[in-house]
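After this come two complexes, each holding chain A, first together with chain B and then together with chain C.
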Partner chain A sequence: MDALRQMWRYVGDNQAFFVESLRIHLQLSGVALGIAILLCVPLGIWLARRLTLATPVINLVSALRVIPSLAILFLAIPYLGLNRTAAFVALTLLALPPVLINSYAAFRGVPAAVKEAARGMGMNTWQLLWQIELPLALPVVMTGIRTAAVEVISSAALATFIGAGGLGDFIARGFRLSSTPIMLVGAIPIALLALSSELLLGGLQRRLSAHLVR
Partner chain B sequence: MSVIVADKVVKQYANAERPAVDGISFTAEEGELIVLLGPSGCGKTTLLKMVNRLYEPTSGQIFVDGTEIHDIPATELRRRIGYVIQATGLFPHMTIAENIATVPKLLKWERSRWSPRVDELLTLMHLPTEYRDRYPVQLSGGEQQRVGIARALAADPKILLMDEPFGAIDAITRAALQKELRDVQQRLKKTILFVTHDVEEALLLADRIMVLRAGRVEQFAPPLEIVLSPANDFVAQLIGADDLFRRLSLLRVDQVQGPYDGTTNGGPTLRPSDSLRHALSTMLSSDRQTLSVVDEQGQPIGVVSYDQLRTATQNA
Partner chain C sequence: MKKLIPLLLLTAMLTLLAACGNAETGDGEKGTLTIGSKNFAEQFILGEMYAQLLEANGYTVERQLGLGSTDILQTALVEGEIDIYPEYTSTGLLTVLKEEAVSSDRDAIYQQVKDGYAERFQITWLDPAPFNNTQALAVTRETSEARGLTTISQLAVQSADLRIGAAPEFFEREDGLPGLRALYGEMPFADEKQLDSGAIRYEALLNGDIDVVTAYGTDGQIGGYDLVVLEDDKALWPPYQVAPILLQSTLDDHADIAEILNPIAPLLDDRTMAELNWQVDGENIEPDEVARTFLIEKGLLESE
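Then we have the complex of A and B:
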């Protein structure tokens, strides 16, 4: 309890810095996730129509997932330097696999009979995509986005090690000063952010798929 | 003018040894229900799907309502042709009303026009209009297929393509749906191409049956003709032409009945439109050799005897 009280006081004393770190953290995670969605959802749709190409690409991207977040972060430094761009790139790379794999699986999973019926009724490619495939694939796509969001928000804590800021600054600082309260100033908000993104996106997903499982 | 005309249609799939459809020509008249019948791989589904260009013919021409199907965009062609498939293919994320209104909406109908049309079609298919706002998973398989047919009829197309529509439905529901399809067909006079591998279904529904094997037409004739004079052994075997019950079920009482002889025996009566199979079963269950035939007012108009049935199965 004492640690929490000290943490609270520390936040009060460093309000401006805390708010700035939180903003950077959200920005890092949000942009990385956004780029991943913009890249991977269309790529997933495209791959779902090209089966021969899909398997090697999906396997490659799955392999990417085993590289630890920290390693990706440091691997980006030689090319991009110690700055926020490196952090954006690294975090985006982290977010790509879950979004891509789920988008691909989601669009593959739209029943062939449903697509055939839609084409047979006279829908063109865009109508099929917007009115049929996208709504049916969305719940599974959302699962991928959820996974990526949690991963990116927690990994953004590491951005501090390449000088990109974010809530990880407090964890690093607390570690150097052997101060649990300062570490918690970073750790607790990150945990809360990850948790709330999970809940928010999970709720959204349930709403989207409500009538599919009834 | 024939509603559908196919002229030497060929479909050769890449990597296939022989064409799936090997130069088939046929015409379908207005209000006619044509069943494409044959074992799997005979080309019946391929032929069906070339009519709405889900498959493109390798060569040959198909005319729908006088227009060659490649002279208009595929989407426009398909909106003019109702399409029903086996697995219903209902859109799971849309309500029943939205499903039925699919083609009207593609044709940019106003809501004030398609909304009453949805109720009309639900009623036609014997479904409660309260189903409008339900989702497909909330309906039974038979109800879903009824919605599938309602959806195909929504924009009042002249032509319906049905690809084994009752294949995945239990026997009792299937019989009910077959009867409904016949009733609907009698009222709406659509031109229907209906794919099935179920011989009973074909005999029950078809005005004409096209028997297919290996992409070629073995025989194209009304059910009775196919059963009574199959073109070759393949057709005879597929149809079960030797089955006397099958023959009896295709003949109607008014095709064999004798003149009314002024007597009634008080037993059960037949209607002119009953099948001889029904007549035989009624004779057996009532233990009588002759039965009276009555008209709609119950007035006797003829008689059918056991001997007439026997003659009918032998030399009809």
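Then we have the complex of A and C:
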């Protein structure tokens, strides 16, 4: 309890810095996730229709998963310098696999019989995608996005190691000073952000589903 | 019979294991000592020097080098996880004892920290090396010449145009930015970048991502990259001399540790230490190699 009180006092004393770090953290994770969604959902849909190409592409993207995100960060330094760009690249690479793999699997999973029935009813490709495939695929696509969001929010803590800031600054500082309160100033908000992203995206998924089905 | 085979195999393996264990603890008739260190070049080199000299004098040595922050090492030493590690006088005084220095004289500070450790932790300090690995701020020679920047007082006037890159703890510790600001005035920087690793801090300075960097007096990079250390003209930073520290009880049990390790101290002045650090940080030679070559060169260790 004492640590929590000290943590609270530290936040009060360093309000501007805390708000700035929180903003950077949200920006880092938000942009990375956004880019991953914009790239990978359409790519997933496209790949679901081109099976010969799908396997190599999916395997390649899955291979990205085995590179630790910290290594990606350090590897990016010589090319991108010590700034936020390197962090964006590393975090985006981290978000790609779950979004792509789930999008691909989701659209692959729409039963052929359903699609045939829709075509039989006279739907064109666009209507089929929008009215049949998307509502059916949405839960699995969203699961991928939720996984990516949690990964990106927690990994954004590593951005501190290349000077890109974010809530990881407090964790590094707390660790160096052996100060649990300062570490918690970073760790608790990151945990809360990850949890709330789950809730928020879960809610969004239900809304979208209801909207699309109607 | 079938059931017996795995049992026999297991017995054979266990016997083998026991035999290996015996072989390992057999030598080192004087006992085993664990050497710790913090995680930067100088500490790895010093830790290796202690380890190699003790080994040459019949001890079995376990290395726990690169353990991290002062608090981790202090705890490890008190709890007996490690037996000896190199610590700096003013770090001990300010970070561990949390006392104010009685004077800025290096001998007085050494005595103060030695007495404080003996009383509070029953830890003793062996002889200190003459070098002073004090904290410092450094800029590139280019920046220094373009802005006429050679002291921290001058920096305080120009800081609003400059970006600083510093270790995480620098922003919080009394001997870091808060202390500098208390002594030199507000000193607002255009940007404050927190950079965890020393190598990355220097890289950022050379790449032009920052203008001012936190450094240590014996960093090899200062000479290697031709940097200018800003003079601490109001004397915020006290002297940081290094010495091996260990529990008094360890020294009581092995009285010759002092005789074995004390001869290293007088050999290490600012320049020598910076050169050794540069061999590790700039030339990528392994710390154990750097330590061995140095000790052989100085006649403390026989060449194999």
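Keep this in mind: the second predicted complex is superposed on the first by the 202 of 214 C-alpha atoms of A that agree within 3 Å, B and C clash if a C-alpha of one lies under 4 Å from a C-alpha of the other, contacts with A are read in each partner's own complex, and residues count from 1 in each chain.
Definition applied: a residue touches a chain if its C-beta (ideal position, glycine included) is under 8 Å from a C-beta of that chain, and two chains touch if they have at least 3 such contacts.
Bear in mind the structure is a predicted one, so any value in this text is a computation, not a measurement.
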*Could you tell me whether chain B and chain C fit or clash when both sit on chain A in the superposition?*
fit
*Touching A:Leu136, do we find chain B (first), chain C (second), both, or neither?*
first
*May I ask you to decide whether A:Gln127 touches chain B, chain C, both, or neither, giving the answer as first, second, both or neither?*
first
_Taking the superposition on A as described, I'd like to know which of chain B and chain C A:Val114 touches: first, second, both or neither._
first
*Just how close are chain B and chain C at their nearest CA atoms in the overlay, in Å?*
51
*Residues of chain A that lie at the interface with chain B and also at the interface with chain C*: none
*Spell out the residues on chain A that touch chain B in their complex, using ranges where they run on.*
111, 113-114, 116-124, 127, 131-132, 135-136, 211-214
_Can you tell me which positions in chain C touch chain A when the two form their complex?_
69, 71-72, 165, 167-169, 171-173, 193-197, 200, 203-204, 207, 209
*Would you pull the chain A residues touching chain C in the complex into a rising list?*
77, 81-83, 160-163, 165, 169, 172-173, 175-179, 182
*Report the residues of chain B in contact with chain A in the complex, numbered from low to high.*
52, 54, 74-80, 83, 85-93, 102-103, 106, 135, 137-138, 151, 161
